[in-house]
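In what follows, a structure is listed as structure tokens, so that the remarks can point back to it.
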Amino acid sequence: MADPLLRVENLVRRFGGILATDNLSLDVIPGELHAIIGPNGAGKTTLISQLTGQLTPNSGTIVFGGRDVTGLPSYERSRLGLARSFQITSLLPNFTAADNVALAAQAHDGHSFRFWGNARKEKPLRDAAQAALTRVGLGARADVPVSELSHGEQRELELAVALATKPQLLLLDEPMAGLGVTESARMVALLKELRKEVTIVLVEHDMEAVFALADRITVLVYGRVIASGDPDAIRHNDEVKRAYLGDQHVVVAHG
Amino acid sequence: MVLVEQSLNGFQFGLLLFLLAAGLTLVFGIMDFVNLAHGSLYMMGAYFAATFTAWTGSFILGVLLALGATLLLGIVLEFVALRHLYGRDHLDQVLATFGLILFFNDAVRLIWGPAGLALPLPAWLTVPVQIIPGVYYPAYRLSIIIVALAVAALLYVVVMRTKIGMLIRAGASNREMIGALGINIKLLFTLVFGLGAALAGLAGLMQAPILTVQIGMGENILILAFVIIVIGGIGSIRGAFLAAIFVGMIDTLGRAFLPDLLRMVLSSAAASTAAPALSSMLIYLLMAIVLVVRPEGLFPAAKR
Amino acid sequence: MKLQINTSNVVVALVAAGLLLLPLYSQLTGNIFILTLFTRIIIFALAAASLNLIMGYGGMMSFGHAAYLGIGGYAVGILAFEGIGSGFIQWPVALVASALYALVIGALSLRTRGVYFIMITLAFAQMAYYIASGMSRYGGDDGLTIYKRSNFGGLIDLSNRVQFYYLCLGCLFGGIYLIWRIINSRFGLVVQGIRSNEQRMQAIGYHANRYRLVCFVISGTICGLAGALLANNTDFISPAGMYWTRSGELMVMVVFGGMGSLFGPVIGTIFFLLLEELLSQFTEYWALIMGPLLLLIVLFARGGIMGLLGRFNRG
């Protein structure tokens, strides 16, 4: 097995008396699509936020690409090649789709203390933005303000923004949230393409999508890893079945 | 002996600052509303007291009437204008209440004229009282301390021990909750605002006999109250109390002793120039230090 | 850049042309008062434009901008008092002092957000006010008279009303051009992105506060220039000019015109100061009308005058 791209060891995060992340350890191998599932309140988003630096863990370490990033702020992790999409769409609403993506490309093209030239006329940035937009199927919507995009388009734009930072690891927090059937299918097709180029950690509720996409699945319950393995192993894991019993409709009936 | 007297002065000033800051921090904590016009209510309290005392000829009666009038003014203000600003941008609130300050200052100038008023004390409040053997302290300043401490204690009991206080605290840390409890929020807000106004008015009218009653008197002290809230942590009564005492002490002691201290290292002329500026700056330095160490203030109210 | 013909652009063009031609009108009619009034308006418009850079584009609600007017002004006044009359020294000192002050205040204040930021910038500006009041060598509370305006050799004569007017107008147009370049630059887009969604900008790799701070310093420096102009205009500088109500007025000018609109602060300043002038001719108690008017504008006309003009186009 190759050295892990991301290694999480003994991560702990408390909110008041509640353990949101309970001594959690996790490896992500280069090239894989690693899904993280679990019932509501399992601490999935809390985990992602600690991985990207929006939240600081109480203890434990996060090693990315061989470097301890536990104490690094999110902007520095982004520079190292860690990108995320947000569960609740988090874009710049009064900017166009192209602006959103170009700003992500700009962030990884040296510093931005350039005060004079018109950034919207910088061809390399615009080209990079257009390329990322085309990748996610928004090529024709580049000049539309985000606030006028549909929910599905905004989800795709989230992906384009993350891609434009040229990440080594993409952390996707429920990219399918709130999507309709056709939109979901498009997103799955898109992720199938993307996974060929970039390592992905996918947090998702849509079990059908998870089992169709993942190389490995880690199951979280109450902030703890209760199982980790390939989709078949997870499907037949008794503890996982038990954990999802109250939530069974999610496993069986979704989609 | 001077030290004892100045410390008491500082404590007394701190208590007045607390009365002002408590209203401000309550209104902000529970309604998420920045009220610059809080200083105007302080000023109005003083003007009302001076006027009513002159009319009735009784200091006590004048003060009580003034307290009622400020409470009423606060409630009217909330009802007519400010409640439309809840939930708006803080910038909107700042600008709108800035407009109210302009209005109040000119309204006072129109009604009472540009010259300040005096609020004379009754004779029984001007005598010095022996507090410890050999140390005399003005009865009026002593009564300010007693009244303010009593109000602070009352406020503490109301906020910490009563149902209304529980709602206020719940509102300060989680605004959705009081709505979920089925409480009449509008009424609660009006009540809290009126309470804050009365506290500001009380601070203003108690300060009035010491300084003159004049236009703009609420503005400098309002900024001090802001500093106190920032140091204490927005929404925290306890933080406001401690920070207010601290700021009151530093301000008073700095003004009293800094000139002498500086004279030890500087020439006399330079010292008397630098001292007032330096003692005014001390408070802001304190704020800067708190900010560097704890950007949320010393006692941040529960996280939203 | 595409130039569109719409109501707001037409208004802006008319105002700019009017400002350019005003000295001519003043000359022809012998109305000197209007030239003096508009010199003052233009200087405040520059200050408001600088505030708009952080408020409208950067999302930083500074309630302490009058401090820079004071710092720029005192730099000119103190140097003149100490016998250094050259504008080539006075003005750079004014700019550098403002920038340094902004750097320190900004670094501290930007640790906070929202209301805290409003209160802290206010408190620090008040501190600057007290420092100015404490400088007894330079007049203390009473202020300092500037007997000679900044001397720029034979280049320009600041005592000549028309020359001074055009200098101020040049500074205003220059300042707005600079701000226009900035807001469309890489830096400007980042700053506007941070205003819109800080978390997102951090997540794609921007150290938000570093960009905010630089923006804060640029704004303070431009306002320091306005301060140097203002001191030359009034031949006087005093702590009263940096009192916190002045900061509030600057905010009002920005909001009246329309936050985040390039030319909005100019329109807002003209509106505010003309209204003040007009009202004070009717009554000594002009704030009795201005105060409630402000409340009404906040309640019912968000977006300011430029916002209203914009609505006019769409509607």
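A few notes on this one:
Going by the order they are written in, the chains are A, B and C; count residues from 1 in each one.
The criterion applied here is as follows: contacts are C-beta pairs under 8 Å (C-beta built on N, C-alpha and C of every residue); 3 or more make two chains touch, one makes a residue touch a chain.
Treat the numbers as computed from the prediction; the structure is a model and nothing was measured.
If you take subunit B and subunit C together, no chain is in touch with both.
A comparison of C-alpha centroids places C closest to the centre of the full protein.
Taking each chain's centre as the mean of its C-alpha atoms, the one that lies farthest from the centre of subunit B is A. Averaging C-alpha coordinates per chain places the centre of subunit B 31 Å away from that of subunit C.
If you average the CA atoms of subunit A and of subunit B, the two centres end up 49 Å from each other. Centres computed as Cα averages put subunit A at a distance of 44 Å from subunit C.
Interface residues of subunit A, counted against subunit C in their complex, comprise 52, 54, 73-76, 78-79, 83-84, 86, 90-95, 99, 102-104, 106-108, 112-120, 122, 161-162, 164-165. By the touch criterion given at the top, residues 55, 61, 63, 108-109, 111-112, 114-116, 118-120, 122-124, 126-127, 130-131, 133-137, 244-245, 248, 251-252, 255, 285-288, 290-295, 298-299, 302 of subunit C touch subunit B in their complex. Against subunit A, the residues of subunit C that register as touching in their complex are 181-182, 184-190, 192-193, 196-197, 199-208, 211, 214. Residues 28, 34, 81, 84-85, 88, 90-92, 94-96, 98-107, 109-110, 219-220, 223, 226-227, 229-230, 234, 273-274, 276-278, 280-281, 284, 287-288, 291-292, 295 of subunit B are the ones that touch subunit C when the two sit in their complex.
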